[in-house]
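Please go over the structures that come below.
Next, two complexes with subunit A in common: one pairs it with subunit B, the other with subunit C.
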Partner chain A sequence: MAGENPTTTEYIQHHLTNLTYGKLPAGYERYDGTVLEADTWTMAHGSAEASAMGFNAFHVDSLAWSFGLGVIFCALFALVAKSVTSGVPGRLQNFVEIIVEFIDNNVKDMFHGRNPLVAPLALTIFVWVFLMNLMDLVPVDVVPSLMMALGVEYHKIVPSTDPNITLGMAVAVFILMLYYSIKIKGLGGFVKELTMHPFNHWLFIPVNLFMELVGLLAKPFSLGLRLFGNMYAGEMIFILIAVMYSAGLFFGLFGGFLQLGWAIFHILVITLQAFIFMVLTVVYLSMAHEDH
Partner chain B sequence: MNLNYTLIGQIIFFAVFVLFCMKYVWPPIMAAMQEREKKISDGLAAADRASKDLELAQQKADEELKEAKTKAADLIEQANKRASQIVDEAKETAKTEGDRLLNAAQAEIEQEKNRVREELRAEVSAVALAGAEKILGAEIDASKHSALLDQLASEI
Partner chain C sequence: MELVIIAAAIMLGLGALGAAVGMGLLGGRLLEGTARQPELGPMLQGKMFLLAGLIDAIPIIGVGIAMYLIFVVAPGVGA
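Coming up: the complex of A and B.
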């Protein structure tokens, strides 16, 4: 695709394709017409190859950005934590403390049990998701064209527009929910909660089980998909605005204003989504800790 | 929407970052913040105490000042009294002394008067005797007539 002028569809598709490293099955005909003789781990060329890889693939860009941003978060906060003082705080410490206090207050409001994991978990989620969302504000073409110049064909820099990333975190939260449900209520208590609510009669056990399981499974899915959907939609609009730049001076200028406006509005969205993800995590864990 | 190993990778990253945050980030920052909170509340309490102490000290100082003032006033009054007393006493002594001196002078005067009178009497008796001698032309034996003469002298 590099070097040619892509059509709008191609442009959009290019922007929505992850850099994928995965296993292509034997007998697959690759983009250049070669047919694989054995299963091969390779970089995917195009979305067709990526989907042919199925589950045996990594989104290298999502993972790298997600990991890198997480490292930035940890490094920044650990730096402050290492030289933290109870005296007059410096600027960086002040900034970090504002965030920590904000999270701490929110967790105290919503979570009434005693669990040393919840507050750090909330802090990690909030800052990490915020940083991942923040990548959305980088103009959509900058990093992909830079990477293209370096020979990397596809690159998506917003990890939270990758359902793997958001659902991955949601699943991790779900595992914690199950773990604490069973730990606090006991396996019997948890099963009872699933089978004897909302109708407390043995005849209704199948109905209850169905309803409660749907409710339980809906939590991680809604959690992950909400973040993904919001970020994906926001990214999509940025891409569509970016398409306008190739449509002449008038549309280009108009697109510039649109992009500025949408970016300013998006500052709110990315913060809000990070906050919602954090709040819902705390609320779900709080529900898991409630013993009836 | 391709779900793949990325999801599992993200779960692992998530666990790593959360554990890191729980171990190395949250506790020290939280501890520092709580310590500062305690410091501030201690400081405020100390300030409260200090202002209360100050008020008490002010009150005590006021009281002591008032006491000192009354004491000073008392002392001044006492001194005034003593001074007037001394003046009175001095007046008194002066008066008695004056009286005494006056009395002594008077006594002396009296004494002098008496002495002069005695002298005069003696002289008068001598003059009278001489006169009588002349008149009578005879000698009057002074020793014989001394009783008479004495009587005469004392009558003068």
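Coming up: the complex of A and C.
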């Protein structure tokens, strides 16, 4: 992998595998032939090992990047919040105010309940997801080859191309949805809504329950996979364009323009996906707050 | 093994077909609405982008899974 230049499939495989730290079962034959006597927590050397780790494996790079971006978001906004002046605001403060007001207006006309958590949650989701998606604009080879120089074999810098991250956020929103539904409507009200909703008659309870449960489970699933699908497809196209660079000068030049065009279009996709994730979260929470 | 590629192609094709028809209708309605009331242009455009993202959702999930099929399942990596 390191010496000779990789084939196309190897190149694509390399850019799609995460840096995984997990538990390899005893008796598993490592990539260098050593057989493990006991369960060992170690870095995976290739996707074969990563999948052998099964459930107890962590994508170190996605976690590190998403956590780091979250810290950057909190630090930046906290810094501005502390030094806010009603006199002559600095450029950074103007920028942050624009975002906060944009989110506030959106949440005001979408969310009909009274809950002080929703607007900050919407702001966090919008900016955090936007920052995570923004990493997709970094050229594909920059960080992985840098990391390779440091000895880290696999590295994916865009956290939102990792289904674990996006589905994790979607499940968190789902838990909030359930919590507020039960809190506002009461357990009885929530169950009544699930069983009685379309056809208000006890005979239709199985039908209602089936339809409502499918609808309820579809929300987090589509919320998470929509962000994952968009960013994964976007990153895949960046990788495919990057493969064109190795195919001679003409394709390289053509690839350069393609990369530029796709990156510019991708800026719209990035903001749009973050906005949609935020809008749907607020809409789902406001549905949870409806009290008939 | 070739069936995986055909499966991925069908997923991509049908998803794109649905999204294209949806976007076409959406764009047409946007132009109609803006032509009828030009002052609502910006608001309609905002809503159009939101709905374009929602229409894109299922086909793009199909694209994501199809690419997973093509680049991970087809070469049999990590299987």
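Just so we're on the same page, the second predicted complex is superposed on the first by the 292 of 292 C-alpha atoms of A that agree within 3 Å, B and C clash if a C-alpha of one lies under 4 Å from a C-alpha of the other, contacts with A are read in each partner's own complex, and residues count from 1 in each chain.
One rule holds in what follows: a residue touches a chain if its C-beta (ideal position, glycine included) is under 8 Å from a C-beta of that chain, and two chains touch if they have at least 3 such contacts.
Just so it is clear, the model here is predicted, and its values are computed rather than measured.
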| item | value |
| --- | --- |
| Superposition on subunit A - do subunit B and subunit C clash or fit | fit |
| Which superposed partner A:Gly87 touches (first subunit B, second subunit C, both, neither) | first |
| Touching partner for A:His289 - first (subunit B), second (subunit C), both, neither | neither |
| Touching partner for A:His155 - first (subunit B), second (subunit C), both, neither | neither |
| Partner chain in contact with A:Ala50 - subunit B first, subunit C second, else both or neither | both |
| Chain touching more of subunit A, residue-wise (subunit B, subunit C) | B |
| First, second, both or neither for A:Ile12, with subunit B first and subunit C second | second |
| Subunit B versus subunit C as contact partner of A:Lys185, first or second or both or neither | neither |
| Superposition-derived angle with apex at the Cα centre of subunit A and sides reaching subunit B and subunit C, degrees in steps of 10 | 90 |
| Which of subunit B and subunit C A:Lys219 touches, first, second, both or neither | neither |
| Gap in Å between nearest CA atoms once subunit C and subunit B share a frame through chain A | 8 |
| Touching both subunit B and subunit C, residues of subunit A | 50-51 |
| Parts of subunit B lying in touch with subunit A, wherever the complex brings them together | 1-11, 13-18, 20-22, 24-26, 28-33, 35-36, 39 |
| Contacting residues of subunit A [partner subunit C, same complex] | 9, 12-13, 16, 46-48, 50-51, 222, 225-226, 228-230, 232-233, 236, 272-273, 275-276, 279 |
| Parts of subunit A lying in touch with subunit B, wherever the complex brings them together | 18, 20, 22, 50-51, 53-59, 62-63, 66-67, 70, 73-74, 77-78, 80-82, 84-87, 89, 96-97, 100-101, 104, 116-117, 119-121, 123-124, 128, 162-165, 167-169, 171-172, 175 |
| Touch list for subunit C against partner subunit A, complex | 49-50, 52-54, 56-58, 60-65, 67-68, 71-72, 75, 77-79 |
